[in-house]
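Worksheet: one structure, shown below.
A, B, C and D label the chains in the order they appear, each numbered from 1.
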Amino acid sequence: MDNILNQIGIENYIFLSVVLFCIGIFGVLYRRNAIIVFMSIEIMLNAVNLLFVAFSTYHQDAQGQVFVFFSMAVAAAEVAVGLAILVSIFRNLGSISIDNLKNLKG
Amino acid sequence: MIHIPDFAHATTVQVIFCFLAFITVITAFLTIFSRNPIHSAIYLVICFFSIAGHYLLLNSQFLAIVHIIVYSGAIMILFLFTIMLMNLNEQREVHRPRITRLGAIVSFCLICIVLITIFINSKPIVGEYDSSGEDFQSIKVLGKILLNEYMVPFEFASILLLVAMIGTVLLSKKEKLNK
Amino acid sequence: MNVSLILIILLVGAFVTYFAGDKIASKVALFFSLAALGCSVVLLNHFSAGENISLINAWINQPKISFALNADGLAIAMLLLTVALTPIIIFSSFGNEYKNAKAFYSLILFMAFAMTGTFLAADGLLYYIFWELALIPIYFIALIWGNGDADERRKAVVKFFIYTLAGSLFMLTAFIYLSQKANGSFLIEDLYKVELSSCEQLWIFLAFFLAYAIKIPIIPFHTWQANVYQKAPTVGTMLLSGIMLKMGLYSVIRWQLPIAPLAAKEYLYIFIALGIAGVIYGSIVALKQKDLKKLLAYSSLAHVGLIAAGSYTLTLDGLRGAVLQMIAHGFVVVGLFYAAEVIFRRFETREIAELGGIRTQSPKFTSMFLILVLASVALPGTFNFVGEFTVLYSLSKINIWFAILGGTTIILGAYYMLRMFQHVMLGETNSKTFADVSLNEGISFAVIIAFLLFFGLYPKPITDLITPSLETILNVINKN
Amino acid sequence: MEMDTNLALLLVLTPFLGFLINVFFGKSLGKTVSGTIGTVAVAISFVVSLLLFNQITSTGKGIEVTLFDWIQISNLKINLGFLLDQLSVLWLLFVTGIGSLIHLYSISYMHDDENMHKFFAYLNLFVFFMITLVIGSNLLVLFIGWEGVGLCSYLLIGFWHKNQDYNDAAKKAFIMNRIGDLGLLIGMFIIGSMFSTLDYATLKTAIAGASNLNLPLLSLAALCLFIGACGKSAQIPLYTWLPDAMAGPTPVSALIHAATMVTAGIFMVTRLNFVFNLATDVQSVIAIIGAITSLVAATIGLVQNDIKKVLAYSTVSQLGLMFLALGFGAYEVAVFHVITHAFFKACLFLGSGSVIHGLHGEQDMRNMGGLRKAMPITFWTMLISSLAISGVPFFSGFFSKDEILLTAFHHSIPLYVVGSIASIMTAFYMFRLMFLTFFKEFRGTEEQKHHLHESGALITIPLIILAILATFGGLISLPGHSWLNEYLSPLFTKAAGEEHHLGTTEYTLMGVAVLGGLLGILIAYVKYFKQDNVPESDENITGLSKVLYNKYYVDEIYDAIFVRSVNGLSRFFRDYIETGLSTLVFGLGKITNELAFQGKKVQTGSIGLYLFVFVLGLCAIVSYIFLAK
């Protein structure tokens, strides 16, 4: 069986992941809408997942994929809880702009 | 170094990769930049699909399917529902002060530079990579691994999801005031 | 049979006392403390018969921490001091009513447990754990059952707690560093063997010094002392001054000097001078104190200064004198604080100005108090003299001026103690009635006095007990 | 040997047993019984001393008794042991002898005091410690006794403890003694580290056998020891406690502050004569200090009006004379004077006690007078003693004082002159005392006059015995043929002092001394008998006599220099340094608090900022790990 990486090269996957990850970070920093921030986080997660899978193929080892599977489970839980929190914040504050979340002020 | 595809002699796989990568990056950007959260969500779905495409390209069918089910299905539905629940529209979002945006851009550039520098500086991979021909990522094999080697974490994952479900229900329940 | 038995008795005693209920808590505590004393005496017999009563068990593998209790002569002497004073202290509290007595007495036993552990521990980390453990009960004892304004008291006690804890953390750092050097082992033998450069030794020495200087206390680290002594209930004060500050002094001999001998040798003069400064300063400050317990606190500061100075001479005489003086001081200071308590029970005050004229009403109490005062000023024939003489002698061998300056304690000590005695006990008959000592009180005093006088004339048993282990320690110090 | 140990223990422990019985059972036994027990205890010691004396004179050798090891120090091994040789037995004899007499006296004297059993307990304890001091075989055992007698002195001066002035006096005595004790300790330390022993016998051989001694160090040791002696024997500058010590009951003054305890310093110096002989500089210091003390104390004694104060200053003055002799290395002369002084001074004190007793506590001589008829025995005994102390020929004091002056003359004329002036003054103030007290008309209140009576037999018998001793005590060391010198000769390396040949010089000097003494008496006679002067009341004293009356203001000066400065320092430390240090420690806490307060402002709560900083931190860490190679 031909390894796909022979044709594409692991470097390209790394590059792609980096770009995706950076876009995620940029989104987190740039947007103030909590939902978009959340989406950016998902993008970052996916960037990492992608890298895992790429290296899993590269090493011919299933562990990377197993890890991605767990990370997806965690992500699902996280999104569920996170969005629930956002909803309750929205209910209380009437907005989900992260600038309003200043309860951490010392 | 970054392998620059030679478009003239590109194989099908390479073309597909480039295409998918292009879609992934573009939709990711659009997710962040579009004003309307609904649009963002839709771009994000497309992004997730393209990532699933990458998974398929890498021949990990199981993950591709799970990814589509979890991300493009469940998570995106959750996002959409939430957005609609809140009835957000673009006017609500006020742009951040310039200094913040500048900071965001600066740090974005910074992290890009750092990561890419690392990437460039790291040792290049020498030679071609041959697969051993062993099946390691078919659904069957993964299923065996998950339920043998990783059984306990697997069960914990289910507990995690259960807890998350309960937590979500508890959080989104309306608090009864004055009681 | 080994020394862990004592620890077990005290710990079990603490629990049993707690569950025995308020009414009989004091008696249960007394029973267990006496049991510990009895067992210690039996162990002493075993020890003098040449049996090994130490204990080493592996406890944690990585890093290598052992549950090691080392019972050499020095440790046994301190163990005996603790288990002998604990029953006296408990017994002395019989005249008082305490709220939530079960917790109170349980804490006393627990404190005795922790202090005994500190004296016995032969593993750096175990020692550190016991060291800090001893702080917890005294914190609660002083805070909950103390006297005076609650807010003031909390301030003083919290200051004490944080201050000593902060000092100890430096010691912990030193221990961790040392164990790194000793391949992860915390055992005292391994720590002794660690080869350190003189610069490293200095830092280790200073880290230890901070912990001990605060606990002992050596000036200028003594600011917690007078306030806590005053605010704590007398039982707490006795525990603090009688035993707990001996922990610091003992640790100097057991840990600080042998581990960092080069630093100790190089800066000998500075540390002796600090000790002696404490002697003079404490004596002078004690002169004009208005509160009886505060005065005794400062007198204690003066005495421990001399003990510390003796330890830092790094001579056999100095160490031996220091240990003898520690034991003597433990007894005498407990007796003196008890006398203050007896006065307080009757007059509800410790202001020296409000006292006076007690002697006519209570000849027995006066005699006992006077003997304690005289022991405190090291009259020959009392145990304190033996220690003080030995320490001063060792100081004179280092430098005659040290002996002269340190010797001012016998002048200034006599001055403030007799002044206090005069204003507290003598003078026209007090208008308030002062009942003479009850049987219980008399027994406590008599035991302490008998001890001081007996060993004042025949200190040989204690000297013989401690000398071999001190020689061993000196060998470690002088190995380079 | 067993026998000796038992004797020594009997000697020491009988008074201690008396002390214990009186402490624990004294109150229930009743006054007479408790007094008797106290007296008998000391008397037994006296008998034992006599036995020992007999043994020593017959064998000529000292007895050494070692009980057990006491203190172990690396190069020192200190036994609790006794040394009974000529010197200590001699001291024992008069300590226990005079002690028994004074105990006997006290039975009557203290009979009205409710705490009589305590008084006897303390007295017995004192005798116990004094015996320990005298017979200790090394310096440290001496030190037990040394401090112990100080303690008893403290207890007895403050015996009437309701009066805070008395307590002050007691405290002062104890503390001044302790200053000397520190000197003694330091001296011991030096000797201990030089010779690795504190034992007299070993020390003596060690010094004799030592080749190259560190003489300056040894002199320092001797000086320190002398400071100790100064404290105990009330020499300048540590003498001020002794006059104050008169606050105690009169028997105490007689026993402790005249006859026995205050001579401990002389005992110690004599005991260590082999050390002092090597330190010639220190000897000169001793002589000079002794001479000055005797003169200063005598001048103060000239104008005192309190009968006991006069005697106290006289004691200081006489002690000064003894030190004068010690300074010249004439130890046996000093010892001789110690003994005669013990006799006549004890007698004088007891006599004054009898007077005070008769006048119900009156001590001011201005309120006395004419007691000769009412108290004949007291008068005669005191007269004899006064003659003795004034150096009238053939009384004991004549011989001893004369020898001291003779020695002084041979060594240093100026000191001889000083000593002679002091003796003349002594004669004057003693007879001033006699005339004011016993002659002329009674100046006290009518009520006192009514009750004037001679004291009982228990008081007069000791007086008579002491008067006899004061008369004939001089016989033990007659000039030219001295039994005492021979007896003590084994102690001294020099062949019992240079026996002075009784030449013309000596007789001349004797004559001068006698004339001086008579002159003093004559002046007193003229001033207080002929002219019938009575000292002015306190307010009217002016000029030099005011200075003298106020003891040269030495107490005030000491108070200003030492006591106040220490107290001031104490207050300063308490109020400023302590609070300062405390603030410093609290300050550390406050600084931490303030830092936290400032630090918390960084926590703006803005998630955007947090994320921004987080990304920057991430960049920094990643670049550190991967790029900083």
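Keep in mind that, in the parts below, a contact is a pair of C-beta atoms (placed from the backbone, for glycine too) under 8 Å apart; a residue touches a chain by one contact, two chains touch by 3 or more.
This one's a predicted model, so the numbers in the text were calculated from it and none came from an experiment.
Among the remaining chains, B is positioned farthest from chain D, on the basis of C-alpha centroids.
Note: centroid distance chain B to chain D, computed from Cα atoms, is 100 Å. A separation of 66 Å divides the Cα centre of chain B from that of chain C. Our note on geometry: chain A versus chain D, Cα centroid distance of 95 Å, whole angstroms.
Once the centre of each chain is set as its mean CA position, chain A and chain B turn out to be 5 Å apart. For chain C, the set of residues touching two or more other chains is empty. Annotation for chain D: residues touching 2 or more other chains are 608, 612, 615. Residue positions of chain A touching 2 or more other chains, listed in rising order: 25, 29, 32, 99.
The complete set of chain-chain contacts reads A-B, A-D, B-D, C-D.
Put simply, chain A touches chain B in their complex at residues 1-16, 18-27, 29-33, 35-36, 38-40, 42-43, 46, 49-50, 53-54, 56-58, 60-62, 65-66, 68-70, 72-81, 83-88, 90-91, 95-97, 99. Residue ranges of chain B in contact with chain A, taken from their complex: 1-3, 11, 13-14, 17, 21, 24-25, 28-29, 31-32, 37, 40-41, 44, 47-48, 51, 54-55, 57-60, 62-63, 66-67, 70-71, 74-75, 78-79, 82-83, 85-86, 88, 92-94, 96, 100-101, 103-105, 107-108, 111-112, 115-116, 119, 124-125, 128-134, 136-137, 141-142, 145-146, 150, 153, 157, 160-161, 163-165, 167-168, 171-172, 174.
Across the complex, chain B meets chain D through its residues 96, 100, 103-104, 107, 110-111, 114-115, 117-118, 121-122.
On chain D, the positions that touch chain A within their shared complex are 599-608, 610-612, 615. Interface residues of chain D, counted against chain C in their complex, comprise 23, 68-74, 76, 80, 118, 140, 143-144, 146-148, 151, 154, 158, 161-162, 164, 167-168, 171, 174-175, 178-179, 181-182, 185-186, 189-190, 192-193, 220, 566-567, 569-571, 573-574, 577-578, 581-582, 584-586, 589.
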